[in-house]
Amino acid sequence: MKKVVTFGEIMLRLAPPGYERFSQCVALGATYGGGEANVAVSLANYGLDAAFVTKLPKHDIGQCAVNSLRRYGVDTSKIVRGGDRVGIYFLEKGSNQRASKVIYDRASSAIATACAADFDWNAILEGVGWFHFTGITPALGQGVADICLDALKACKEKGITVSCDLNYRKNLWSKAEAKETMSRLMPYVNVCIANEEDASDVFGITSAGTDVTSGHLNHDGYKSVADQLVQKFGFKYVAITLRESHSANHNDWSAMLYDGKDAYFSKKYAIRDIVDRVGGGDSFGGGLIYSLISGKDLQSALEFAVAASCLKHKIEGDFNLVSVAEVTNLLGGDGSGRVQR
Amino acid sequence: MKKVVTFGEIMLRLAPPGYERFSQCVALGATYGGGEANVAVSLANYGLDAAFVTKLPKHDIGQCAVNSLRRYGVDTSKIVRGGDRVGIYFLEKGSNQRASKVIYDRASSAIATACAADFDWNAILEGVGWFHFTGITPALGQGVADICLDALKACKEKGITVSCDLNYRKNLWSKAEAKETMSRLMPYVNVCIANEEDASDVFGITSAGTDVTSGHLNHDGYKSVADQLVQKFGFKYVAITLRESHSANHNDWSAMLYDGKDAYFSKKYAIRDIVDRVGGGDSFGGGLIYSLISGKDLQSALEFAVAASCLKHKIEGDFNLVSVAEVTNLLGGDGSGRVQR
Amino acid sequence: MKKVVTFGEIMLRLAPPGYERFSQCVALGATYGGGEANVAVSLANYGLDAAFVTKLPKHDIGQCAVNSLRRYGVDTSKIVRGGDRVGIYFLEKGSNQRASKVIYDRASSAIATACAADFDWNAILEGVGWFHFTGITPALGQGVADICLDALKACKEKGITVSCDLNYRKNLWSKAEAKETMSRLMPYVNVCIANEEDASDVFGITSAGTDVTSGHLNHDGYKSVADQLVQKFGFKYVAITLRESHSANHNDWSAMLYDGKDAYFSKKYAIRDIVDRVGGGDSFGGGLIYSLISGKDLQSALEFAVAASCLKHKIEGDFNLVSVAEVTNLLGGDGSGRVQR
Amino acid sequence: MKKVVTFGEIMLRLAPPGYERFSQCVALGATYGGGEANVAVSLANYGLDAAFVTKLPKHDIGQCAVNSLRRYGVDTSKIVRGGDRVGIYFLEKGSNQRASKVIYDRASSAIATACAADFDWNAILEGVGWFHFTGITPALGQGVADICLDALKACKEKGITVSCDLNYRKNLWSKAEAKETMSRLMPYVNVCIANEEDASDVFGITSAGTDVTSGHLNHDGYKSVADQLVQKFGFKYVAITLRESHSANHNDWSAMLYDGKDAYFSKKYAIRDIVDRVGGGDSFGGGLIYSLISGKDLQSALEFAVAASCLKHKIEGDFNLVSVAEVTNLLGGDGSGRVQR
Amino acid sequence: MKKVVTFGEIMLRLAPPGYERFSQCVALGATYGGGEANVAVSLANYGLDAAFVTKLPKHDIGQCAVNSLRRYGVDTSKIVRGGDRVGIYFLEKGSNQRASKVIYDRASSAIATACAADFDWNAILEGVGWFHFTGITPALGQGVADICLDALKACKEKGITVSCDLNYRKNLWSKAEAKETMSRLMPYVNVCIANEEDASDVFGITSAGTDVTSGHLNHDGYKSVADQLVQKFGFKYVAITLRESHSANHNDWSAMLYDGKDAYFSKKYAIRDIVDRVGGGDSFGGGLIYSLISGKDLQSALEFAVAASCLKHKIEGDFNLVSVAEVTNLLGGDGSGRVQR
Amino acid sequence: MKKVVTFGEIMLRLAPPGYERFSQCVALGATYGGGEANVAVSLANYGLDAAFVTKLPKHDIGQCAVNSLRRYGVDTSKIVRGGDRVGIYFLEKGSNQRASKVIYDRASSAIATACAADFDWNAILEGVGWFHFTGITPALGQGVADICLDALKACKEKGITVSCDLNYRKNLWSKAEAKETMSRLMPYVNVCIANEEDASDVFGITSAGTDVTSGHLNHDGYKSVADQLVQKFGFKYVAITLRESHSANHNDWSAMLYDGKDAYFSKKYAIRDIVDRVGGGDSFGGGLIYSLISGKDLQSALEFAVAASCLKHKIEGDFNLVSVAEVTNLLGGDGSGRVQR
């Protein structure tokens, strides 16, 4: 099957154990993650040949980030080594009415300060069939945005399918900046992935009648959003994840896939007792890319992606450590949680 | 009160902390458990004189298994020491839609390779009033099945009451093998304990209209199953636990007790926020044996057993570490969870 | 703003990790807490100048108790050092039908054996505007009750507002003892805080139609209780917290504030997936005192206090480690638990 | 072989992990230990039938102390249940120039407040061949000292051998008090165990030329001390442990055994990289009692006891968790530390 | 006694547990430290009124750094809040031939990017008697170097004693840069503290015949270095710590104090089984400043400082958590490590 | 550089934390290791293209073993998946006079029960330059011994250099069995690695005057042993590691390399404060193979291998997680343990 490359930042994630607040803990769980890296791990878990591309310092912390990916079978041979620091994010897990909290310390990371010469896209994309990035990558800085554009142009030349998860991060750039830069990149994208708010935040495209904080979703509205995106950028597919957040432990989760004509809606999962919702969107992206590459029909592809990301919410860390068999089992209707002996 | 002996295997249980997956953890919680050992611990906690009989290697890991039982007051003086290994099971705790997962590594354990000469049942059963085993024990191998038969014959001679939890394990033997062996042992059994599926799996006895994975129970059907068991093997009592599994964290839990004439149904507990459901059935068995030995009427005996096993779901590990007072408190209706100061 | 002094005992709290029972654990989480100390931490977190007054041994465990308060900005300069031991309480966290369990080992603590000469209230209360204690403090012994009275008289002289949380503890004194002592102290109190049962336990004042264990509340009844308290002791305000305990993990939580004329009722929060409910009442007290000192109107003051204590249930340990901003965020309606990035 | 009973206090031991100071830790390792309990565990490990007698509260912490002994095979059936609290000691492990630190919180424990009627020595000592206590037990209070005397008188009547480890604790009583009480008890003792300082602290018996803090030992002097003890109290044997403390991690360790005529000196072990030296003296006592009961000659008995206690220094906790085979292996000269596969 | 202010950076220190390498660990111990903060904690532990001045972000990680100081009684009221990030250093503890490893990630920290207007030295130094900083502070950037100069000028005006630990860090600046900047600051310094290499690294001042890596020290040479420093900058005192590093676990440690005329040499401690040597030099500085403020004679001041820093090597973390009594005990010659009960 | 393949078993290693005994721990550290896997990790760490070949079950525990190797860059694509269980060894870390203890539970592992058809050596050895195995592999069973022979024949055909570490394990086979089987395999081996005892245990070849447990080594004797090995089997090189075991924490470590003519002896390292000595011999093998492949002269190759294995003793787990730079640094003489900043 097609080799996939994802491109972005992988950060050191530092999180107090359990439900401790930052001010209580004496140790921080140290794992690694980031939107595109998370997708690469999903794909490797599903058996695809997936490579993650970034820049990481030569020191031991940089190496730990590499190891965290190799461990799950991601090809790290294209990672550029250099720069000074690994980006960091601090994560405090919330519960119920107390929200989870993220503090970013990612400025000046190796990838954020990388230059175009660091990446030889012709070589990197040799033999590759699918390229994935998220809106976080160009948001890291003008330099990285330009590197993205280089990559996308090379993809176009080589006929590589491109997917992008809009993933707007307000602490990285303003809506205006996002719109300007993303508008330049979108024409190269074939599959656009977004959550309920991204289209509005990045492109000002809204669906009437949906209040994100209210927890109520308007299906027609989302189809309209997807259609506007297709009209504007010519995407082949637009996927939108639909999260209804009842509390930090309890979300409803579903998604829509639109092919420019029909909107497919998935089953909705009531996700209680959430273990870790960071990376939920990325796990959807990973499931969708896997499904499309492996030739599933659109409804099946969507259902696989949603079931995969449902399971992610029950797994610690950014990475969605589930196999195709485990996703398929949930799809098959066994959400009873009976012990598998 | 009557001394009780339970006979079977105790395993080393290796489990990642919290909700970590096997592939994430760097340490495995190490406790010990197994169907019959769990029952022995329950009985010792309730103040009975309870002995557990098995075979364990002389090395330190075997000794740790012994210590795990002594700690809670189980008589381990009848355990035979020898053989090469302690059986192991790996347990990954699930959450909600992600099911818990058990990987067994119990082949060739000391008890599975024990021979008849290892156990002098006349001596072991001296002064004993109740003998308990589960369908797992004979499933360990033909040799152990024969040892079971030896034990049961000795029980018959001495007038010892015998209880058996059918506990079918598909990874240990086929349904045909189970039926053949269990059918030889059942005539010696007075009290038969089973879950919703055991009677069907082992003896092909079914209740119409019950779909285990659907979560809906058919009370009449279970009475019919129990009656068929009584007709076939002459059991004095048949107890069936009724689990409705909504997710890995949320089960409904109740049971039925049948005396050949009347079927008693217990209160149903909604068990949310499950801490550990392994050993749930064993804790029911322990509660039932205690209740019957201590002369409770059938409805009370059943309610005690169900309340005891309800509490087990909130306790880490295989063992049900609750006292009679704690079970009685729940029976008395205080499930409000107010802090006991 | 006014400096606040709280007076009482701070204990070493020893708790098994997670949901382990006492009989399972090999280490005990070691934190510090106590009714009045918890209030002082809340106030310091909200930016007030808050001092905690007690007596603690000179040895390292006494020092650790001091450090636990300094860490969160509480003024510990008025703590008297001496005596032999730090009071201890052992806490086992329950889940669902299994209740949490507290074992006290606080007899003969430094504060319980303190004498009047240890505290120079004129100096301690210099520049102070608010004094807070709970019914636990006088319950520690006749000596401490007398010290309380000394403090209250000094407060009266200096025009310091006094609040008291009735906090009846049956293991410290009988209802008769509580009534006798508390009746002597109440005339000095301006703001009385209580839970559903305190008024009945301490003063025999009841509200018809409310069964604490049933989980149903009778609002009119509570207003009547508050009014009786006002009539009897001349309180300016009476606040009553209303907990409906569905299980160890699931409580409903609200409160009433009465000013001798009108009863204000707060929003009711459904608190699921409780992380730690110890200190829930204290966090209400802290929120209320902060609100009244900072001049909020009564409804707002009550809502702040209830929202603050709602959040406490999601935080490990006795202390309510939340900021004004976090409480305000919940008040603003965002209980959706979305990740705060 | 002879059944042994030891009598004294078992405490909850609370220790920061590793080399953390009290002021740094957030959890305290929770184990149990005490002079006489430690000896009982040693004897049970060596295969003797050993019972520990004390009084412990009925609550869960008391039960945990019982469990800690049962786990290693100690007979706990003679433990009296009642009283309010389990004695506690806090232990901070030192390293090199930083000494380990113990803070006791044992006043008013169940055993310290026990009364004579709690213990029926005739029943307890039925079938017993050896009785052991230490100077700590009578130091707990006059009541316990009287109970000791009761026990010793019963031993005399039944012809039970009595051993006593002087174990002077300056924080429990003055030298004058110790001398007065111990002088009343010693006439019933057959085997006296002491460290370098005990004879001087309790009875004012000294050996010229030995400075404990200097690390130099004077063998003749210790023989003289032992002889004075024999002359005064008629002991059959006197054993003195000789610790040369170079640092918290590095001690030399040996001992002397005197039979009223000859003094036997053991091999001296250089103990570096000490893991835990608490219980070192108790492990010597356990080794010596085992050796004498099992009929070893005096030199061999002494060497076994010293080797056993050498190994204790490499084991966490109060209990000396070694087998006869492991001690014998060290005696056989294999201190090379090669991996035992 | 005189109030002391120290000025510099406090970092988040992230360290794998025990001897794990970065590539092995799944959690990082999270403490806080930095040269001048460490000195402030030492002084607060010794009972002085010590304030630490720096700039820290307003977010939770910044607050944690504040809390880490408050906990030990350091006055944090002068800390400026603002900026983006807390500096970080990663620490891997070595053993024997494997050296400890530090990876700095401190660029762009709040203090490194602070500006002169952030600090009102007139207000900060009100009532202060001693000011301390290290060569790390000006090395953070030209801006901070200028702020240092502002502070020093204010000190001069107010007659405040100034101490500086040269503390050359090659990863922060070149020797040439250090020389240039430090030469401008030194004229304001009264007490200069250095290790064996600092004088050479910063000012090119060397002592003949000393090879740092060889572990051999030349006392006369160090006196000559100190004298050259006095001649050049007019210091009142120069203190030089002398570390002989035999392995990561085993150092010899002593120091010299020079008053422009006489050189005092301390006792030399053989420090084996090192627990944590980071902050060793800072603990010397803290001990020296305390000693000089409290009026000890020079030999005693030096001995106190060396003993204090000897103990630091046995304490986890940057901070030297020892009391005056504990240092005095070691000074009194008790390095035997006997348990303090 | 040449691609290397190593072939053998990788086991799950279960070890109590720190110095806890098996009977104390509640969790077991879970890592993976085995002689040939350890060598593969060393080589990957040094930058070589190293593959490990074995057979592992398809279940999650088998996958964890794969992940443990991928994480450090070992090529796992040639690992055969199937069979029932992963071999296990339990490791209790000793200290000083208390030896470390290994309990094997490796019978019936997937590799021990593998058959010849599982491995297509022509494909596996494609492009390979060096093949390594140890005496443990053929000791797993006759089937594996035959698979080894297949591999060696293929190596011969392809001109692949073969190294073998004799690694005699008495619990796997008798000396007679070892001699018989190993004598058939040795003619295919070019580089023979052994410890002090292997040549004697496997082939009865001894050196006069060396007593392994005494800690004294006889250099001439070892040269004689190496020469006898060369004479017998035609090895190109024989390397012998020389461990002098003073205690579990303190070994001296050196080695000899013999080329059939000259014997080269390495520097001897005094290794104190050992962190983990399991895998010490394997780390020597890894260092030697790397050195020979990279063309070092014999003395340099030997020194690199010895320095590498010296560092291994300071690293937790089986794998030697050091880089070429770190080994070179020690070779360069910097064993001072100074912090590397």
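We call the chains A, B, C, D, E and F, going by the order they appear; numbering starts again at 1 in every chain.
As a working rule, a contact is a pair of C-beta atoms (placed from the backbone, for glycine too) under 8 Å apart; a residue touches a chain by one contact, two chains touch by 3 or more.
Fair warning: this is a prediction, and the values are worked out from it, not measured in the lab.
Trainee: Average the CA atoms of each chain to get its centre, and name the chain whose centre is farthest from that of subunit C.
Mentor: F
Trainee: Copies subunit A and subunit E touch; is their interface built from the same residue numbers (over half shared) or different ones?
Mentor: Subunit A vs subunit E: same; shared/all numbers exceeds half.
Trainee: Between subunit C and subunit F, what distance separates the C-alpha centroids? Give it in angstrom.
Mentor: Taking the average C-alpha coordinate of subunit C and of subunit F, the gap between them is 62 Å.
Trainee: Using CA atom averages as chain centres, what separation in Å is found between subunit A and subunit B?
Mentor: Centres of subunit A and subunit B (C-alpha means) sit 45 Å apart.
Trainee: Could you tell me which residues belong to subunit F and also touch two or more other chains?
Mentor: Expected reply: 18, 21, 23, 26, 67, 72, 101, 273.
Trainee: Any idea which subunit E residues touch subunit C in the complex?
Mentor: That would be residues 67-68, 70-73 of subunit E.
Trainee: Which of the residues in subunit A come into contact with subunit C in the complex?
Mentor: Against subunit C, the touching part of subunit A is residues 18-21, 23-24, 94-102, 104, 169-171, 213, 215, 245-251, 273, 277-278.
Trainee: Going by the contact rule set out above, which residues of subunit C touch subunit D in the complex?
Mentor: 14, 17, 21-23, 25-31, 59-61, 63-64, 67, 84-86, 88, 90, 92, 101, 103, 105, 107-108
Trainee: In their complex, what parts of subunit A are in touch with subunit B?
Mentor: Answer in residue numbers: 18, 72, 269, 271-273, 275, 310-311, 313-317, 321-322, 326, 329-330, 333-341.
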